[in-house]
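Beneath this line is the structure, given in C-alpha cells, with notes to follow.
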Amino acid sequence: SAQAAERVTLFAAASLTDAVDALAERYMRDHDVEVVPVYAASSTLARQIANGAPAAVYLSANERWMDWLDAQEGITLSHRHDVLSNRLALIAPRDSDLEDFTPDETASIAERLGEGRLALGNPEHVPAGIYAKQALTSLGQWMSLAPRLARADNVRSALALVERGEAPLGVVYASDAQASDKVKTLGLFPDASHEPIIYPMALIGDAPSDAAKSLADWLDGRQAAAIFQRFGFASVAAEDAS
Amino acid sequence: MLTPLEWEALSLSLRVSGVAVAAILLPGLGMAYVLARFDFPGKTLLDGIVHLPLVLPPVVVGYLLLVSLGRQGTLGQWLHETLGVSLPFTWQGAALAGAVMAFPLLVRAVRLSLESVDRKLEEAARTLGASRWKTFLTVTLPLILPGILTGGVLAFARSLSEFGATITFASNIPGETRTLPLALYSLVQTPGKEAAAARLCVISVIVALIALVASEWLARRARRRLEGRHA
Amino acid sequence: MLEAKVSQRLGDFTLDTSLAVPAEGVTALFGRSGSGKSSLIRLIAGLGVPDSGSIRLGDTWLVDTQRRRWVPPHRRQLGVVFQEARLFPHYSVRGNLRYGMPRAARADFDDLVELLGIGHLLSRTPGLLSGGEARRVAIGRALLSRPRMLLMDEPLTGLDGVRKQELLHYIRRLARDTGVPILFVSHDTREIGALADRVALIEEGRVMASGPVDEMFARLDLGPRTGHFEASSLLEARIVAHDEALCLTRLALPGMPEGEMLSVARLEGRVGDAVRLRLRARDVGVTSTRTPPMPDVDCLPATLREIGDETHGPFVEVMLDVGGQALRARLTREAVSQMGLHTGQALQARLRSVTISRHDVIVM
Amino acid sequence: MLTPLEWEALSLSLRVSGVAVAAILLPGLGMAYVLARFDFPGKTLLDGIVHLPLVLPPVVVGYLLLVSLGRQGTLGQWLHETLGVSLPFTWQGAALAGAVMAFPLLVRAVRLSLESVDRKLEEAARTLGASRWKTFLTVTLPLILPGILTGGVLAFARSLSEFGATITFASNIPGETRTLPLALYSLVQTPGKEAAAARLCVISVIVALIALVASEWLARRARRRLEGRHA
Amino acid sequence: MLEAKVSQRLGDFTLDTSLAVPAEGVTALFGRSGSGKSSLIRLIAGLGVPDSGSIRLGDTWLVDTQRRRWVPPHRRQLGVVFQEARLFPHYSVRGNLRYGMPRAARADFDDLVELLGIGHLLSRTPGLLSGGEARRVAIGRALLSRPRMLLMDEPLTGLDGVRKQELLHYIRRLARDTGVPILFVSHDTREIGALADRVALIEEGRVMASGPVDEMFARLDLGPRTGHFEASSLLEARIVAHDEALCLTRLALPGMPEGEMLSVARLEGRVGDAVRLRLRARDVGVTSTRTPPMPDVDCLPATLREIGDETHGPFVEVMLDVGGQALRARLTREAVSQMGLHTGQALQARLRSVTISRHDVIVM
C-alpha cells in the first residue's frame, strides 16, 4: 500500500546517513508511512528549508543552523528538541602503532602526530571541526596543532583521510569511528572539553502533519534509541528517560 | 544487474542531463553565434556572464540559484506566482543546475567552431538565394556540427557529473533530485559502502563513454564529408 | 540594365567607378590582376556595402547609400561564379547543384550536367574533386539558380580547351536564348572575343573605358591593354547554301554582288537564316586586284574607307567597306606602302575559311 | 582593499591555477594531436580516460587521486620514495587536482581546432622543406592558437573554481591549499558570513574576467590575421 | 631526370602511369580536367604514397614501394605551386615568400618580387589578396625555395596577359639558366607552346604520349586532344635582319634557300639569335605554285608529308616539311580535293606576318 502511504520528508545531516537510513527502514516496516530521508550538510539543508524546501522534519548536526533557521522570516519551527548526542573520538588507521590514550592536557597529540597531519572537519564551518577546535583549545593543544591540520569539508572526508593513512590521526565523531572498520579509536575526548554535541530536531511549518509528529515522537522513543546506539550515537531522550 | 536504487539514480540522471543539454542547445547556439559574429558594447560583460558558472565553485552557483529562484528570491517568487513553477527541489531544478554549469562549455565549443567556418561559403549561399536564416540552417549549422557535438558531449558529461550546484539548489531528494553523483555522495558518506560507490562510479563512466562514442561517431561522419583537398 | 556607381575603400585600395551593363548580352570585365574586378563583383552581388554610391538593376535599386537602401544578396537574384569554387563541402555535387535551384530549373538539370561532364560526379563529395571538376560544378550551381543576371569571376580558368569551348558556346547561347545578361571577368582576350558583346576595361579601381568588344579591341589607345591582337569586326550575313559533302556553309553578305560568298564550317541554321560573323582583323588581308582564285581563300569586293596610324609599329589597321558594312583588316606597314593604298580605293578583301572558328559565327 | 585572508587565497589560487594550466598545456596539445590525427586500437578508451575527470563528481576524482597518489597508493609511495614528493596536503597537490579537472576541457578545445585546420597548408609547408615538427610549430600551432586560447581559458577557469577534488585530495590548509573556492565554501557554510562570501565571489569573477578578456584579445589578434576572402 | 612509374587508386579513379621528365628544360603535363594531373604531382611531391611503383629523381629513389623506400616531402627539395594558392594565412606575404627560402636565395628576393609585381603587398596578410596576387605570391614562394625541380599545377591561371608573358619568360630563363627542370600542368596550348620543351599527354590516369613539344603538337592523331583550333607547330629560326623603319624582323629557317624569309613584328634579339616560332595551323595555307608575290604574304618552299583525315568535317590538316621541320597547315576539304594534293608533292606554304603575335616568338 505504498502509494496510499503518506510521505514524510526528513532532512537529515549527511553524517547521519547510515543511522537514519536504518531508522527509516525500521519505521516504515511498522507504519503506513513513507519516510523520505534527504541528506546534505546541515547548512545546505537549513538554507533549503528557508527557501521553501518540502521538509517536514529537520534533523541538524548542530544547533547553530537550527538557530539560524529559527530566525528566518516565514519559517515556523515546532517541537524543537535535542534528539541525539555524540562524542569526539581521536582515531588512527587500524594498523597504526599508536597506543590507546585519552586525549587530555597531558597527552600531547602533536607528539604522536610525527610528521603527519591531524585530520578533522574544517573548524570554520563543519560542526565536528568546531567541536574539535573547542576540545583542543580547552586541552591547550590547539596552538601547536593549528598549523598541522588537514581540514576536510565534512567529517566523513576527515575519516577518509585517516582510513587512507594520509593522516596518522584524526578527530571525528565517535559514531563515525565506530562505523569504519579501517580505523581504531585511540580515545574519546572528555565531555567537558567541548560543548555538548547535540543533534536538534524540529518540525517544519505552521501545521505539521500528524505523520511528521508521530515520526518525531518515534525518533525519541526506545526503538529509535537502540538503533542510534548501534551506530554510535546516544539518544538524548532515552538518557533523560533513564 | 542494477539495484532499484542505482536504476532510479541512473534514469533520473539521464533525464536530468538529457533535459539540461536539450534545453541549452538552442540558447547555446544563439549565444555562440552572437559572441562569434557580432561586436557590440557590453560584449565582454556578456561573455563574462556566460563563463560565470565555470569560474565559481558549483556550490556557490547552486547557492546563487537558490537565492534567486528560491522562495525568498524575487525571480523565484515571480515564477511561482505567475507561472506556478517552482524549480528548487524538483528534477527540473536539477536539470537547471546541470544546464547552467554546462552552458559555458557548450557555448565555447560552438563558438570555436563558428569562428573557423569559412564565411565565403555563407556568401556563396546568399548569392544562391538563401536568406540569412536558410544560410545558417543549411551551411553554417552543418559546418559547425563537430563543434556542436563536442560542446554537447562536454555539456552532457558536465551535467552528468554535476554535484555541488545540484545538491545546493535542488537538494538530494530520492527519486526526484538524487542523481548519480548525489547517490554516490550519499554512499561515500557512509563507511563501508565503498563497493556500492564504486559500482555507481562505473555506471557513470559507462554512460559517459557511450555518449562519447556516439558523439565521436557522429563527428567522424560529419567530418568525413567535409574533408578533402579542395574547399 | 545594370548601372553601378560606387566607391569603396579596401585598405590601401580604392574602388571608385561606374559601370553600365546592358540588359542583354555578355559584358566582359577586363583588367589586370588587382585592378578591382572581384571587389566590384562583390559589391554588385551584395557581399559588401559601398561607402557611397548606388547600384540599379533594371528598375530595382539594389543599393543606394544616399537613400539608405540595400537589398540583401539573396533577394538580388544574381548568380555568382566566384573566382574560387566555393562548393559546400557538406553537400554532394548533386546537393550543390540543387542548392539554389528553383523548381522551374529542374528541366535543365540533366542537360547542364551532361554539358559540364559531371554526371559521374553527382553523388561525390566536393572535397576530392579535381580543380576543373570543382569549377564546373560551381558554374552549374550558379546557372541552375536561374538568376536575373550572371556574375562570373574568371569562370573558365582550369578548364581544358574542349570543355572551355563548349562552355563558351553554352554561355553565349544562354545569354541569347534566355536574355539573361552576363557580366564576366576574364584575362583572356580570346575568351572575351568569343563570348563578349561589350568590354569594360578596369584599371586601379576605375572603369577606364567600355564599349562594344570590336571597338574596344580596335581602339589603338587601348591596344596594350586589350591585346590588339584580337581586334575584330562583326558582320551580318545570310546562309545561302549548305554543302553537306564538304561540310561547309556558304554565306552571302548584304550588298554584295550575286555569287560572292564566304565559306565557313557547316552551321546549324537553315538556308535564309541571318548570322553574325566575327572576323579578326589579322585574318583579313587585301589585294588590289582580284588575284587568280585560290582554293581556300574567299574574296569580297571592298572599298578602302580609312587607314589607321601609318607611322608606328609593324602593322597597320585599315577599315574596309563591304557592301555597307565595316570590315577591319590588318596589314604590314610594308604592304601598305608597297601597295600604295589610299582611301576610296577599290580592293579585294581576302579571308580563309579555316580561320573562322565555329564560335565566331552565331546563327541569329 | 583585500583582507590578508583574501589576498592569501587569491595569490594561492592564481599560483595553483597558473601552474595547473601551464602543466597541462603541452600534454594537452600532445593528447589533442594524437586524438585528432591518428587512428589506433584503443583510441576510444584513451578518449574515455581523458574525459573521465569531467564525468565523475569532483569529490570522486579527488578520492581516486588520494587512493592512487596518497601515501598508501602505489604511485604515491613510489613518488614519495624515489623523488621525495608528496602531493596530498600541498599546493602542488591542489594544482594537480585543478590540472586533472581542467585537462579534458583543454584537450577538447584544442582537438576541435586541430580538426578544422586546413591540411593543405601543412602539405604546402612540407613541400617547402619543413619537417613534420617544423610544420607543426610554424603552421599548425599558429592556426590552432584560437583553440589553445579557448582551451586555456576554460582550463584556467575550471581550475580556478575547482573545489571538490581539491578539498578531497589536498585538503583545506590555509596558505597551502586554501584556494579561493575553498575559502568561499567555508564562508558560505557559515551563517552570517554572506557578505564576506560575496566579496570572494566578486574577486573570483574579476580574476576570471581578466583572464577571459586577455584571451579574447589574443584570440582576436590571431584571428584577424587569419581572416579574409582567400585561403 | 625524374622517372615515375606509379599506380594509385583514388576512389573510382585509378592513376597508373609512367612519366619521364628530363633533367633539363620544361615539361608540360597536358590533359583534360580530371585526368589525374594533380594526383600525379602529389605523388611526386610526396603528399601521397602510391599503392605500388617507384619514383626516382636523378640518383635518388624518392619512392620505391617494393624496397619500402619513401623520402618524406620536405627532403625531396621539390618546389610545388599548387592549383590553389595555399598561402599561410598567419604570415605576411613576406613571411610566405621567406618560408622555405634558404640563405642562398636571398639575393633573388628583390628581383623576383619586382618581377611578380608584389612589392607593395609584402607586409599584407594573404587573406585579402586578389586571386592573381595570391597566385603570384605562391609562385614566388615556390621559386624562392630553390628546389631541385619545380612542379607547377596550372601556375599561370588568373594572371593577366602581360604578367603571364613576363612570367613565362622568367620561368623559361630560370629553366635555362639554373638548369632546374620544371614539370608544369597547363591546359593552354599557347602557354605550352611558349614554355615547354616537352609535353606529356595524360588521359584517364595514364600518360598516353610524350615527346618534344613540336612533335607532339604536330602529331595529327592527338589533334582533338591538343586543341584543334589552336593546333600549331613550333619552328626553329634565326634572326637575319631587323628593319627598323618598318618595325619588322626577318627570320630565316634552317634548310631554306637563301632569301626565303619570314617577317614578324620587331623582336628584341640580335641578328644571329635563334628564335622559336609558334605557327597556328589555321594561319598556314598552301598553294601548289609560287603565286605572284603578295605584299604581306611570306612563302616557304615545302614538301607535303602527310594528309590528315580527309573524310570528315570541313577542314583537313596537312603536315608539311619545311627544310626538315614539321609545319602544320589547315585547309578546307574543298581545297584539298580541288588541288589534288598528295604526299611528297612540292608546295608553297603561305603565311601572313600579321597573324604572328609577339607572344608566338621567343628569342632563345
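Chains here go by letter, A, B, C, D and E, matching the order in which they are written, and residues are numbered from 1 within each.
Please note the rule applied: contacts are C-beta pairs under 8 Å (C-beta built on N, C-alpha and C of every residue); 3 or more make two chains touch, one makes a residue touch a chain.
Quantities reported herein were computed from a predicted structural model and do not represent experimental measurements.
Trainee: Going only between touching chains, how few steps reach subunit E from subunit A?
Mentor: Minimum step count, subunit A to subunit E: 2.
Trainee: Trace the shortest chain of touching neighbours from subunit A to subunit C and give its length in steps.
Mentor: Graph distance in the chain contact network comes out at 2.
Trainee: Quick check for the class: compute each chain's Cα centroid; which one is farthest from the centroid of subunit E?
Mentor: A
Trainee: Go through D-E and A-D and name the pair with more C-beta contacts between its chains.
Mentor: If we tally the C-beta pairs in contact for D-E and A-D, the bigger total goes to D-E.
Trainee: Relative to subunit D, which chain has the most distant C-alpha mean position?
Mentor: In terms of C-alpha centroids, the chain at the greatest distance from subunit D is C.
Trainee: Just how far, in Å, is the C-alpha centre of subunit B from the one of subunit A?
Mentor: Chain centroid spacing, subunit A to subunit B, equals 35 Å.
Trainee: Just the number, please: Cα centre separation of subunit B and subunit C in whole Å.
Mentor: 57
Trainee: Using CA atom averages as chain centres, what separation in Å is found between subunit C and subunit D?
Mentor: 61
Trainee: List the centre-to-centre spacing of subunit C and subunit E in whole Å, with centres computed as mean CA coordinates.
Mentor: Chain centroid spacing, subunit C to subunit E, equals 26 Å.
Trainee: Would you give the residues of subunit B that are in contact with at least 2 other chains, written as numbers and ranges?
Mentor: 63, 120, 185, 188, 229-231
Trainee: Could you say which residues in subunit C touch two or more other chains, in rising order?
Mentor: Answer for subunit C, listing residues that touch two or more other chains: 84, 128, 131.
Trainee: Where in subunit A do residues touch at least two different other chains?
Mentor: As it turns out, subunit A has residues touching two or more other chains at 44, 160.
Trainee: If we count contacts the way the header does, which residues on subunit B are in touch with subunit A in the complex?
Mentor: 63, 66-67, 70-73, 76, 86, 88-89, 167-168, 171-175, 185-186, 188-193
Trainee: Which bits of subunit B are touching subunit C when the two form their complex?
Mentor: These residues of subunit B touch subunit C: 120-121, 123-132, 134-135, 138-139, 142-143, 222, 225-231.
Trainee: Sort out for me which residues of subunit A touch subunit D in the complex.
Mentor: 41, 43-44, 64-65, 67-68, 117, 119, 122, 124-126, 149-153, 157, 160-161, 164-166
Trainee: Inside the complex, what are the residues of subunit E that reach subunit C?
Mentor: Interface residues on the subunit E side: 10-12, 31-34, 37-39, 83-84, 117, 120, 124, 128, 130-133, 136, 153-154, 157-164, 187-189, 224, 227, 229-230, 243, 246-248, 263-266, 282-283, 285, 287, 291-292, 294-297, 312-315, 330-335, 338-339, 352-355, 357.
Trainee: Please name which positions on subunit E make contact with subunit D in the complex.
Mentor: Subunit E residues touching subunit D: 45-47, 72-74, 76-80, 82, 84-90, 99-100, 125-131, 134, 141-142, 145.
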